[in-house]
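One chain, chain A, links the two complexes that follow: it is found with chain B in the first and with chain C in the second.
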Partner chain A sequence: MHGYLAGLKLEARLIRAQPDSLIPLVTAPLFTIIFLAIVRESGRYDLQPDALMAPVLIALWWVALQHAGQIITHDRWQALLESIVAAPTSLASLLFGRVTTVMCLGLVSFLEVWAIGAVFFDVSLRFEHPLELVLILVCTAFATAGASLAFAALFVMTRNAYTFTNSAGFPLYLLSGVFVPVAVLPGWIHPVSSAIFMSWSADLLRASVRPAPIDQFWGRLGMVVLLGVISFVIGRFVLIYVLRRMRMTGELATA
Partner chain B sequence: MEAVEVEEVTRVFEPRRRGSTRVVALDSVSLTIPTGEIHGLLGPNGAGKTTLVKILSTVLLPTSGRARVLGHDVVDETQAVRPLIGIVFGGERGLYWRLTGRQNLEYWGALYKLSSRQTKARARELLERVGLADKADQRVEEYSRGMKQRLHLARGLMGDGRVLFLDEPTTGMDPLAAREFRTLIGELRGEGRTILLATHDMAEAEAVCDRVTLIDRGKIIATESPRTLGHLLTRFQRIDVEGAPEAVLEEIRTMDGVTNVAAVDGAGVRIEVDAEGVTQLVLERLVAAGVTSVRTGLPSLEEVYVQLIGERGMEL
Partner chain C sequence: MSAIATTATIMRYAFRAGLADYRSMYTWKSWLAGWFVRVLAQVSFFALIGERISSDERATFYLLVGNALAVAAVTGVFSLNATSSERWAGTLPLLVASPSSPVIVFGSRGSYAALDGTVSAVSALFVAGPLFGMDLPWPRVLLVVPLTALVAYSCYCFGTFLAGVVFRFRNINSFVVLTSYMTIMAVCGVNVPLTYYPEALEWISRFMPLTNGLLAIRGVFEGDAASAILGDAALEAAVAIGWMTAALLSFNQFASRGRRDGSLDYGA
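For the complex of A and B:
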């Protein structure tokens, strides 16, 4: 628990000290304007809630890939990783704490997007299923944290993770159906998408702002949690493997 | 119980890319450091000092051999070792530059599982101790190199480790700060801590260490007290003389075992020898010539170091 809380606090302090961490909070309103303009221009006012949900999911993906995913790599380049590993606290719990803070940052975009829609476009989200909506957001943040842990562990093994994170963003948005539902994509993509927790989250979020009852809510939410847990387990194992390998090769620090 | 036990530790870095070569960083190194000792690890760059410190700190695995800290194996019992040690790696990196000195220390306190109150109190005490109390709430990016180094030192002490590994801890410190560092080491000794100080600063090792291990190319050359190491090399004794006639000096220069006769500090001349018994012959010749201002001395640790390690020592 010490490690988790230490990570939580550290990341909050780092975000406050580094305003560039807040980029997703700048881009989310811009994406909101773009998506709302598109659906309005095409006369699809029924898709306005979808246009408001998409920037939230994009913000979560962004913080998972660009921010949380780089945590270990950054600490390694700053020669911090060795001292952290040599401390009694578990790196995984520390990392989970840091990722949690980052996810909270990502979730702030939901409030932002809601405010932008209401103030500038006179579109207000109708919270038809408020409890379900909160559960979906929390479970999505949890699953994104799991994915971040796996990304962080994997990226530290690569020589240039930035290339991957920069190019993987949009394919992931597409496969996750953050704006265009996976159902309208070619059939062969569906199995790939269903292995990505965000595709389940995106469908659930859209359903939660519509009046109709959410079909198979608990089962679909369970898939988000399950895929998140799988990401956590993979991340944990990769982290153990990576640390062991780095202790063997002497690569915990960069020259 | 010994604080540090190293038995036949070898560490080989295999080539990872085409063109790179296999490096034997440590070659069957054995070393024992009793509890409460301040032990210097002295050697040129690439000697294997940092590699040994990293293995003892549990962040690097040995290729073969065993190492224990306060009885715990550094490979199999990392969770037992880590709360017992404090580490200071040299260099400017290793801190969160965007955070303040105090925030950095508080983070490390949490990593050592201190309570919030303990962390704050210990951070305050250590900032005071390393002379950073008035800069505690300034971002680290605004610190000078020496201040960062002092913060590194404070960070290494946050966990209250019984065994401290200090790797080039005074790099970048000004002479005054380096002197304060030595005082701090003395205080830590008084608290019963064991310290392994990896350095290539001979004066520092001589000033603070109970024993010194000379290491080069992954092999231990000698482990002795700084004074004993000097005695080991009595054959490298030097003779400082004033007022010796030039003809006598010329005669001494040609004697077997005399390696150098050179003017020092203007008036004096230093005669260096490299064989047992030669000092006596030189003194006899000087006295016979009526020279009365003569002083013999043991070599400093620096001279021992250069003699033992040879020209590679000059690559520092």
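For the complex of A and C:
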């Protein structure tokens, strides 16, 4: 628990010191303006809730790929990884704490999007299923944290993670149906999308701001959590493998 | 060696250094499987939104063309990352100490971005267009290639100006790249016509890169008169010249300040 709390505090300090960490809080309002402008200009006011939800999901993907996913790689570049691994605290608990802080930052985008919609477009989210909405956001943040841990462990193995993170954003937005539901995509893509937790989250979030009851809510929410847990397990095993390999080859401190 | 010949030599070497940087990031395989997949996904993402909001295919094509050209814009703005690369490599203070102007180096070093932006945007248009059933009127569509190059160059000039700003405030590099790119996507007629926003914003967007060039390209697809297309293209060229002039005027100022207060450090 000490490691977890230390991770929370450390990441909060790092975010304060690095303005680049706040990028999703700037891009989320801009995405909101773009999406709302598109749907309103075409007269599709019924799609405004979807236009408000999409930037939140994009912000979460962004923090997973660009921020949380790069934590170990950055620590290694700055020669911090040796000290962290040598410390008695578990690396996983420290990482989980840091990723939690980053996810909280990602969730702030929800409030921003809400404010931008209300101030600039006079559009307000209708909380038709408030309890479900909170549960979906929390579970999505948890699953994103799991994906972040997997990304962090995988990226540290690559020579140039930048190439991947720079390229993966829009394919993930598309495959996870952050704005256009996966059902609209070609059939052969559906199995791939079903394996991505965000596709379940996106459908649930859209359903939670509509008056109709949410079909199979608990089952679908369970899928978000299950896929998040699978990401955590993959990330944990990859991390163990990577650290063992680095110790054996003496590459822990080399970039 | 004359001053012009020296400048040309510096520009050539800077361009080759930029190209070498780019080759360290992408091979042609990783470009195709990574970057180009992202570009196609980005264009398809917005084209699918077009299909969702309207049964009129013109809505889809509007978003498809706009976002394909936005790729040229993002790549051009990415050229400002050259400043950070120099910093990480520890060569920034050496460049500022050298007798040539840093703007010559940074202006040339990132120019591969304009080339990359043109190839990426045109390829996206020519691949995603037919996928979504868009007609590419031959041979008129060939006009899109030089117009896209003009847009990419214009955005690269804008990126070079921003590189000067980032030179002084380097810890906001990624912040500047992404907010600039997103702002261009929001206000330059990429996703909605300029008339959608208040008139003042429409005026401002006319001074931004992409806006006028995109109008010219839309004109090519809509069969507009050559004079209208040329007019918009000329405005885009004027915007490019304007941003490059601003870069030339401001870059050395930013560098000098860094030299005075000792903030041209190595590393992060």
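What we mean here is this: the second predicted complex is superposed on the first by the 254 of 255 C-alpha atoms of A that agree within 3 Å, B and C clash if a C-alpha of one lies under 4 Å from a C-alpha of the other, contacts with A are read in each partner's own complex, and residues count from 1 in each chain.
Everything below uses one rule, namely that contacts are C-beta pairs under 8 Å (C-beta built on N, C-alpha and C of every residue); 3 or more make two chains touch, one makes a residue touch a chain.
A quick note: this is a predicted structure, and the numbers were derived from the prediction, not measured.
Enquirer: Just to be sure I read the superposition right, which of the two partners does A:S124 touch: chain B = first, chain C = second, or both, or neither?
Expert: neither
Enquirer: Is A:Q18 touching the first partner chain B, the second partner chain C, both, or neither of them?
Expert: In the superposed model, A:Q18 contacts both chain B and chain C.
Enquirer: Determine, under the contact definition given at the top, whether A:V39 touches first (chain B), second (chain C), both, or neither.
Expert: In the superposition, A:V39 contacts chain C only.
Enquirer: According to the stated criteria, A:S194 is in contact with first (chain B), second (chain C), both, or neither; which is it?
Expert: After superposing on A, A:S194 lies clear of both chain B and chain C.
Enquirer: By residue count, which of the two partners contacts chain A more extensively, chain B or chain C?
Expert: Touching more of chain A: C.
Enquirer: If you stack the two complexes on chain A, which partner ends up touching A:S93: first (chain B), second (chain C), both, or neither?
Expert: Neither chain B nor chain C is touched by A:S93.
Enquirer: A:T249 in the overlay: touching chain B, chain C, both, or neither? Say first, second, both or neither.
Expert: So A:T249 only meets chain B here.
Enquirer: Taking the superposition on A as described, I'd like to know which of chain B and chain C A:L5 touches: first, second, both or neither.
Expert: Touch status of A:L5: first partner only.
Enquirer: Quick one: is A:A79 in contact with chain B, with chain C, with both, or with neither? Answer first, second, both or neither.
Expert: first
Enquirer: Determine where on chain A the residues touched by chain B overlap those touched by chain C, and list them.
Expert: Correct list for chain A: 18, 78.
Enquirer: For the complex, which residues does chain A have touching chain C?
Expert: 18-20, 22-23, 26-27, 30-31, 33-35, 37-39, 41-42, 44, 47, 78, 160, 162-164, 166-171, 173-174, 179-180, 184-185
Enquirer: Using the touch definition up top, name the residues of chain A that touch chain B in the complex.
Expert: Interface residues on the chain A side: 2-3, 5-6, 9-10, 13-14, 17-18, 78-80, 82-89, 94, 247-250, 252-253.
Enquirer: Please output the residues of chain C touching chain A within their complex, sorted ascending.
Expert: Interface residues on the chain C side: 24-26, 30, 34-35, 37-38, 41-42, 44-45, 48-49, 51-54, 59, 63, 171-175, 178-179, 182-183, 185-186, 191-193, 196-197, 268.
Enquirer: Which chain B residues qualify as touching chain A in the complex?
Expert: Residues of chain B touching chain A: 13, 16, 51, 54, 57-61, 79, 82-83, 85, 87, 89, 91, 93-99, 103, 107-108, 110-113, 139, 155, 159.
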